[in-house]
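Should a chain be cited, it is by its letter among A, B and C, assigned in written order, with residues numbered from 1 in that chain.
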């Protein structure tokens, strides 16, 4: 039996520009539509004679050559919505046609750990819980910085924090039969405290010679993930965000920087996973809520639809999946590329082949498996 | 009486979180062919900055973005150039004055919170006199303080109240050629004029049988004409050099070059706009704030519509 | 005859439920009045903008043209944290959760602020008026697709939610006292009611939304609704359902769950719906009966309801009396409720929020404890200084006195003996360099207890 796998989600918030991430450099239309920001020459690394990686994600090219990177081309959902909010909700809830407040990964956590025995089955790095992880009755730890994670973080003085924690730890003993405070609340408190203990101790048992750049926020999040993963606390889903990719202006500068940070961060993370002997069981999934307009607006691009997603890891069957969308005016959707891969086919593949969960019970529908993972 | 109708020229700007465009522009200054626009933004989005643009909608550079570090700003309120082309910026959250060169390079900053002489409690409007002394409307201290260019306190006048010479949340400031000091006494719904020693010489409460409603900004042009942003009523009022009322304008904006470009690449947004058909509404000022003039033009920062409306003198 | 201490305890309870709570000094002042007179004061607020509206607009100009809910935050949170008309804000929050319009689709801060103000203005009056006003609310019309509802192709969304979620309700079996045909009729009666199109906000900021009625798109034919025949329009539908006995029950149940207890007590709810029917659906009369009832004041009710994130955040910010004038911190208050699971002006669905124990999961509990313990120990806040001063003034000889005095100072709050024992042990076990540090530890611990999550 193969090892249990874990999922690392990297959300590119704000709408990553697909056309300048995977560049159709042999398509004249691309340069017609992008007079101010068409990428060429040193700015691209060809994949084949049609498309190229943005040169800032050189590590992607390397893993692609190692056949560990799958590129999902033209991924999206029906009836595109160009509001960040709504579009991200659709990705988070896996419900393109209705509004829902329950996240698909939240439902997955409930499926993996129905009794909520492990408060850190899923860990989110960053303030505030993405809706993808929201589900009634599911606890997800949201971590700013691991070292300072937990209670009384706003209280000054380490000594004071310690004695307060000690007392609060004893107050939250779930021993009330009925009445107030309820058993459920006390158990929740217990879970929060235990989870906080486990998470804040993770860095002390971790050692690595990989140096994640200090000024690279996504690298720092991935470092935290490596620390928690190496502690083997039963966490199956890690969530991190990178952005903002909402590049209406100054795109050439901003998009390049963001992609460079991402590439460097994943490079560090992959090397670290090898050191921690976690490289076989970790799958990274990278997505964004939408791509951007085919035409540039002078200095940037506006909200579009359809985009690109990546799966990366030792157990990933690398390669290009799906077709690069056609840029011909007749093939466009209101000035955007036409999506040609339903994002839920990728979800069902992740559920089945990474998280070992019945995909239909989460997505309420059966989708074809993309067969992108080695079993 | 001179002409009462101002001739509209054009508009620059588009709502944008960074780069080309503005986010709640509340003050602006024209210097050596470049317009410096101060975007206020909001607490959570943190898109405040100073943008350097041309009158022909060319975005040149930006600086003084969100942050507490030197050269950054949190809640910026006003900008002004001294006689050496240095740009001064007031910040009412940090209670700090920051100084930049013309290219946006940070030079220095000073200021501390408090109510003693020289201390600040939410500095707003800024103005220089010919001796290169800086006047700061220290608005929660209900006074106007005078500093030298290095930030050394010189003098102050004013206290809280509604009587002559007193202030109630004052905001903008301007000096005329004789160095009389004009203050937008915001919550008192009036403009007060002081001599250079801080003695109140005149109060304007009315214009054309109307009363001011929370005037936010005052500006004097090279003819001595007085411009007042009637913030609470979304209009700008113009007086001649004797403070005789000339006209009141409510906005005439057309689509800026940047807005037109946006609509061109986003045709469905353009069709929503056509469908709504609120073209008259689109023209109007919404919370006009800082006003500036050059030889030929009048610039009005239209803070809730993220643009500068430009008129001919 | 109630003793004055009992009166203070009850007033503190009343203000936590009909509002977000009071400081010790505010309770002292209120206790010069009879309990029933305080209820009368609460249910009769004078509608109007706050006196510092101009300051909010000046300091937070982006909230004047609020393009999203987050942009609108500084406006509402200031009133939640500061308004003296506490019930006006609390009832607005109630209707915001019941007649819910969500940001998923309508991310329009201006429209949301308009709607919250509509709830302030009509939320304590006749339910029929409120229902009519919300049916004419452009944000609501947009949110529930009524602009896509046409004479020859009615969209049932608004008609359905109006009956099911906003008025008559359904029982546990999903049955209502109306039929599918009534839903269809309601939808037909509301055809032509819509929001006027506005330009997109991305280049000039948002434009205020406006209601519009298109007579030519309105189904002007005879209909049957709840067994009656007539050429009904939206007003008639609202009129027919607003004081229907099912509506009385449904609304009173929701008011009871929000203000009194998460456990439905049908004897009490039935009493309230009688009041509702007798007074033509006047909400303030229902609340008056509710707050003045012995049931509301009883030990079964006090400290048995889980605080919502708003109860916690605005309760604590009022207790510590932090804000004198709008500032960056007050403008960002809503981030705290958001992290605890309540995104103000963006309820998760048309059903609003699930109240009660569902508020608390391990992530939100950590946020609650961290927020409350940080604020209650921030000695630069006026309220914290005053709390410490009051406790220092009282005659304290032992840890038990100190804890009890602190609980009283925080608004006569109750915690279990077990919890109290743990705090006492904390004081016994640890050394404190001065009295203030000791008081601060008691404060931090009290607001961190499971007990403090209840009001």
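Annotations for the structure displayed:
The rule is simple: a contact is a pair of C-beta atoms (placed from the backbone, for glycine too) under 8 Å apart; a residue touches a chain by one contact, two chains touch by 3 or more.
Bear in mind the structure is a predicted one, so any value in this text is a computation, not a measurement.
Centrality by Cα centroid goes to chain C. Ranked by distance of CA centroids from subunit B, the top chain is A. We define each chain's centre as the mean of its Cα atoms; on that basis subunit A and subunit B are separated by 43 Å.
Centre-to-centre spacing of subunit B and subunit C amounts to 39 Å, using the average Cα coordinate of each chain. Note on chain placement: the centre of subunit A and the centre of subunit C lie 35 Å apart, centres being C-alpha means.
Contact with two or more other chains is made by residues 302 of subunit A.
Among the residues of subunit B, those touching two or more other chains are numbered 258, 262, 266.
Residue positions 202 of subunit C each touch two or more of the other chains. The residues of subunit B lying in touch with subunit C in their complex are 14-15, 23-24, 26, 40-45, 74-75, 92-93, 140, 169, 171, 186-187, 214, 216, 232, 258-259, 262-263, 266, 269, 272-273, 275-278, 281-282, 286-287, 289, 303-307.
Looking at the complex, you find that subunit A touches subunit C at residues 83, 85-86, 89, 99-101, 119, 127-129, 136-142, 150-155, 160, 163-164, 167-168, 170-172, 180-182, 184-186, 188-189, 191-192, 195-196, 302.
Touching subunit A in their complex are the following residues of subunit C: 68, 102-105, 107, 202, 303-304, 306, 338-339, 348-349, 354, 357-358, 360-363, 365-366, 369-371, 373-374, 377, 416, 419, 422-423, 425-426, 429-430, 441, 444-445, 448-451, 453-454.
Listing the residues of subunit C that touch subunit B in their complex gives 54-55, 57-65, 70-71, 73-74, 196-205, 207, 325, 327-328, 331-332, 335. The residues of subunit B lying in touch with subunit A in their complex are 16-21, 59, 258, 261-262, 265-268.
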